[in-house]
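Both complexes below contain subunit A, partnered by subunit B and then by subunit C.
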Partner chain A sequence: MNRLGRCLTPVYLTIVVLLIAFPILYAYVGAFRPAAALSGGLQGLLPTSFTLHNFGRALSRAPLFLQLGNSAIVTVAQTVLQLLTSVFAAYALTFGKLRFAKIIFGVFLVSMMIPGETTIIANYLTIRSIGLYDTLVAVFLPFGASAVTIFLLRQSFASFPAEIHEAAVLDGVGPMTFLWKFLLPLSRPTIAAAVITSAIAAWNGYLWPLLITDSPDKRTVQAGISQMADSVGPDIGALLAGSTLVSIPMIILVIIGQSALTRGLTEGASK
Partner chain B sequence: MTLTRAKRFAISSGALVVATALALTGCASTSAPEKPSAGPVTLTFWHSAEGATAETLNTIVEDFNDAHKGKITVKATYQGKYDDTVAKLSASVQAGDLPDLVQINDVNTAFMIDSGLIDPAQTLIKDAKVKYDFDALVPAVSSYYSVDGSLSSMPFQVSQPALFVRNDVLAATATTPKTFPTTVSGLAKWAEKAKAATGKAGLTFHINPWWFEELTAGAGIEYCTPDNGRGSKPAKAFTIADDTQVKQWTELQKLFTDGAALNVGTDFSAGVNALAAGQAGAFFSSSGALGTVTTAMTTDWSVLPFPVEGKKGGVAPGGNSVFALKDSLKTDTERVAAAKFLAYLGSDKIQEQSFAATGFLPTTAPALKESKSNANTRQTALLNQLANTSDSIAAAGCLSGALQAVRGELTPAMEKIVRGDDVKSTLTAVQKSASGLVADYNERAGQ
Partner chain C sequence: MTSSRLSTSLTPKRERSPRLGGTRRKRGVTMWASALLVPALAFFIVFDYYPLGRVIALSFQSTDLFGRPSGFIGVRNYVDMFTSPEFLGTLGTTFAFAAGSVVLKLLCGLAIALPLSTSRRAVWLARPVVLIPMAVSVAVAGLVFKAIFQPGFGIADQLLAGIGLPSPGWLTNPNFALVSVIIVDTWVGIGFTVLILLAALAGVPQEVREAAAIDGAGAFRTGVSVVIPLISTSILFLVIYHTVGALREFTVINVLTQGGPANSTRTLVIDIWNLAFGSSGGNFGDASARAIVLLVIVGVVSFIQFRVSNRKVHY
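This part shows the complex of A and B:
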């Protein structure tokens, strides 16, 4: 049985890898294939000829490079802002000796259960009333604080050994030093997971950036991609070319941070 | 020392975010659009055109701006899919800042009319004394986009369904475009024959409520009552489980269970691929996809009319139209400018240009005639179908703000039917929930 299991594992893994990698391979190979080859089934993917036309069409329909830059700004700003607010909130909830820490934490958790779509109109009206409509700031500002990130960090901080904290306090270490010199370095996997999850969410945002901006040069790349092809006249080639360009930064980020991501997401699971 | 460094880091990273925020806002506020009340007029135009269609739309708008240099500038901006545009429009109503013109798809037409936001196109153009021949509109198009005999919006990119058929399968079944069946029963028999002759499915279409609505219109049935919602009273109920509809879908269901029809799911492009790869002989398509299918096909194929039965039956046009919004058009100069742009979109020249570039059908009789003189066989088939479409109430399609919600119920029902569930009980259940949906909508719309 053990030997059989050892033989079957690679087979199983190969199948799973193929299943997961196939759509990505399809997009990357398809992006370089002529339009006609993409409508005739899988044989169209055979690398008989290559073209860059799809990229040309994709780039002519939306300023994708500029929008890639916008997405990068939004992602960095949203992630940094979210991390700062979450670190302080989680610290206060864990070590702040607040009177109603549990109730406040509960309120944060409840806000996770309210779907984003229901608050979209209220956010829209707020952003318009403070004159930020059609700006990049408007795209990330409402997401400057995140209950999910606060939750992740709070769970990690709560498992921090109380003795070390007490010893540090007795030695005269102030709260800020404790936070930056002790707590954060030891919570690195969780921080990395929080960075990656919030960066992916910021990068993938679609409806909100579309709603709160008007000019193509203020939009993020996801809104640009949706303009590549319509439902009755799907220009698959341009769509794949655009998606390929857009996916590259996120894939790089995940490759760099993947070990931290898995460690962070499973941290606390065994406690 | 360490304390100050940690503090400094916290403060500097906070300051970085604030500084970036201020810099970005500062940048943006200088380029915020301003709308002058006198002098040159700038009209904001929200649209949902994507892909190649968006390129054509942008050219059309640029040509208009060039012709009205110094007087009118239309600023066209993409706002996502139609439903995204409608969502943004709803949010903008509360913020009190609407665009001047907006492109909306057929399904949301009734919602726009009921919203009370619009400046009806026909009245606007007449008031502004802009020349436009409303009588020249193709009857089927004008009846589809009119309420109480007057156009509420300017039909812009109109489409109709049609049957796209592979010529090798026509030959295998010994049929020609002339002898091809024109009814649902005839089509079902042909699909079985194609399956027997080629071993592949005869028919395919993506699972979409549009086909249900079109087959209903084709059978001469009013999809919603009274009067398909086009009279003075709003629609109160939907007809979904009528005997004819049950018969149509029982016949289609048999094709799916026999393998004479191919289930490609809800994805339109999967249907195109099935036709191109020869996995199906015939395909229900939108005329708007003519270009896409032409690129995809490597073998010869024909465009044939969508199945229509009886005198009352007809193929309801779809597509989109452009609405003017009254709250944004405050001055007479702005109203005249908007009227000029709408009349330009519906003009013979633009309609011909749009048909040639995209496959969306011309909306006026002169544009239809002119397009025909330059058309190839497939384009001619589409133009003939439009010209021959009856302007009956059934063929005008249903006008109800609940249409989109009913579509939401129909999609899973159609999926169940093609998988073999009982047709009559499935459709009756949808009909029942549709009555609730339309009552809800009418109540919300104050009707």
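This part shows the complex of A and C:
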């Protein structure tokens, strides 16, 4: 029984992996198959002939390359802005010796309890009234600060040895020099984790970009592709081609980031 | 700005203390620290706290045809909402979606993570399981499943027809669409679930499993009665995390069904979206009242998390 179990577990797990990978494999193979073959069941996926027509039809409905660029701009801007405001806030809270540090940290944490879906109505009205509707700035501006990132960074900063900080201050190291030269380099694993989670969240943003942009050339790619899907209707080939195109940058990022992430994790573990 | 003025004006005693060198530095500390807090505070006030207040205010107002607030009407939006059978249906759908998606994610997560953690030969399979769903954006995942679920000529219906089964009408049958949406949401969340469970399982000592095996417990029995209780903290975290996530889910449902067919997948967030921004939108008063209900429900779940995580969960 036990030996049987040991043989069956890898088989079972391989089936599980295939099931989980199936939608993506289907999308990647189907994107290159002629439209007629796609309605022919599994044998329609056999790679007998390839075509790029699906991509042409997808791109004729939405400027996906431009929208990929928009998403890249939004992702970088949102991640950098979040990281800056969070590093500053976490640093002030841990090393600033502020009397109100706990109250302000509480203000940050309580904001996590306010769902973004609750405040969209008011934020939509705010963005409209300051004339930023249908701009890329409007897509990332409301996410300029992140309570989760502040929380993570504060925990990492708090574990910094107090003696080193005191020694640096006695040697006349200014607060900003201490932040850039001592604290940040030693918090690299946490910063890397914060960057990756912020960037993934920014890239995946859907509800807000869909609401706050309107013209196709201002859409991020997530909002843009769902509109493309609405306009192509039941054209499976175009749907799969668009999905393939849009998913590639993130797949590359995760493959690259995965090694950086595991390195960061093992570094943290060996300390 | 306010915070910097506040904190400096509240430290005069230290400034007058006899150790002059130390006091100057301390005053400097409070100054720059307060300044560094300003950007983050400003963002939270402008885009979290102020809009919260504005939505609360809007929820007590009626809205005219142009989407402008037209006078306070007390709790009428709330009374209308809770006496409307459609809204009660929406609440039911919201809870059904959340419960279904949390249960399915955890069952699948455990069914994948438990054998992965025991089989040394299969451990490399963990990577694709975790990374594939995490690398694909929710909108793209929804679209691919929309293609898979196309009625008649989509691959899901074709495979069923191949083995002689009728199509359940994945996204077109009002009695089945919610199940399809839950399946897709589970696929989207399975990577994170397995990642957290594997991390927790790595902390379970090998001796515990061996002791259970010596006592005659099979692999399944060891997993259910010995290992799962030991990782109950992580399981509880996942339950809360996924519950809040499901209550707030928009992307999966918007891409796949937009709340249809026959409102069978219309959750609270979809309802808010339709009322405020849908084709007949601009009804900010009613949408705001629902937004406050969402706030309260998410708040209650978070409060439960706070209470429970302060208690010792296992042994």
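Side notes on the structure shown:
Assume the second predicted complex is superposed on the first by the 227 of 271 C-alpha atoms of A that agree within 3 Å, B and C clash if a C-alpha of one lies under 4 Å from a C-alpha of the other, contacts with A are read in each partner's own complex, and residues count from 1 in each chain.
In this text, a contact is a pair of C-beta atoms (placed from the backbone, for glycine too) under 8 Å apart; a residue touches a chain by one contact, two chains touch by 3 or more.
Predicted model, so just to flag it, every value in this text is computed and none were measured.
With subunit A as the common reference for superposition, the partners subunit B and subunit C occupy clashing space. By the touch criterion defined above, A:Leu240 reaches subunit C but does not reach subunit B.
In the superposition on chain A, A:Val169 makes contact with subunit C only, while subunit B stays out of contact range. By the touch criterion stated above, A:Pro189 is placed in contact with neither subunit B nor subunit C. Within the superposed three-chain model, A:Val107 lies in touch with subunit C and out of touch with subunit B [touch as defined at top].
Set side by side, subunit B and subunit C differ in how many residues of subunit A they touch, and the one touching more is C. Once the two complexes are laid over each other on the shared chain, residue contacts for A:Ile121 go to subunit B and to subunit C alike.
Of the two partner chains, subunit B is the only one that A:Lys181 touches; subunit C does not reach it.
Of the two partner chains placed around the shared chain by superposition, subunit B and subunit C are both touched by A:Leu84.
Once the two complexes are laid over each other on the shared chain, residue contacts for A:Lys218 go to subunit B alone; subunit C is not touched.
Of the two partner chains placed by superposition, subunit B and subunit C are both touched by A:Leu207.
Among the listed stretches 168-176, 186-194 or 222-230 of subunit C, only 168-176 clashes with subunit B once the two complexes are superposed. In the superposition on the C-alpha atoms of chain A, the part of subunit A touched by subunit B in one complex and by subunit C in the other spans residues 38-41, 84, 120-121, 124-125, 141, 176, 207, 210-211, 223, 226, 229, 234, 236.
On the subunit A side of its complex with subunit B, the touching residues are 35-36, 38-41, 60-61, 73, 77, 80-81, 84, 120-121, 124-125, 128-129, 131-137, 141, 174, 176-177, 179-181, 207, 210-211, 214-216, 218, 223, 226-236, 238.
Listed in rising order, the residues of subunit A touching subunit C in the complex are 1-2, 5-6, 9-10, 12-14, 16-17, 20-21, 23-24, 26-27, 30, 38-42, 45, 84-86, 88-89, 91-93, 95-100, 104, 107-108, 111, 113-126, 141-145, 147, 150, 169, 175-176, 200, 203-204, 206-207, 210-211, 222-223, 225-226, 229, 234, 236, 239-240, 242-243, 246-247, 250-251, 253-255, 258. Note for the complex: subunit C touches subunit A at residues 3, 6-7, 10-11, 25-26, 28-30, 32-34, 36-37, 39-41, 43-44, 46-52, 54-55, 58, 111-112, 115-116, 118-119, 121-122, 125, 128-129, 131-148, 150, 153-155, 158-159, 161-162, 187, 190, 218-219, 248, 250-251, 254-255, 269, 272-273, 276-277, 284, 287-288, 291-292, 294-295, 298-299, 302. Within the complex, the subunit B residues that touch subunit A are 2-3, 6-7, 9-10, 13-14, 16-17, 20-21, 24-25, 27-29, 31-33, 49-55, 77-81, 84, 87-88, 90-91, 94-95, 97, 159, 268-269, 272-273, 276-277, 279, 285-286, 288-289, 291-292, 295-298, 358-359.
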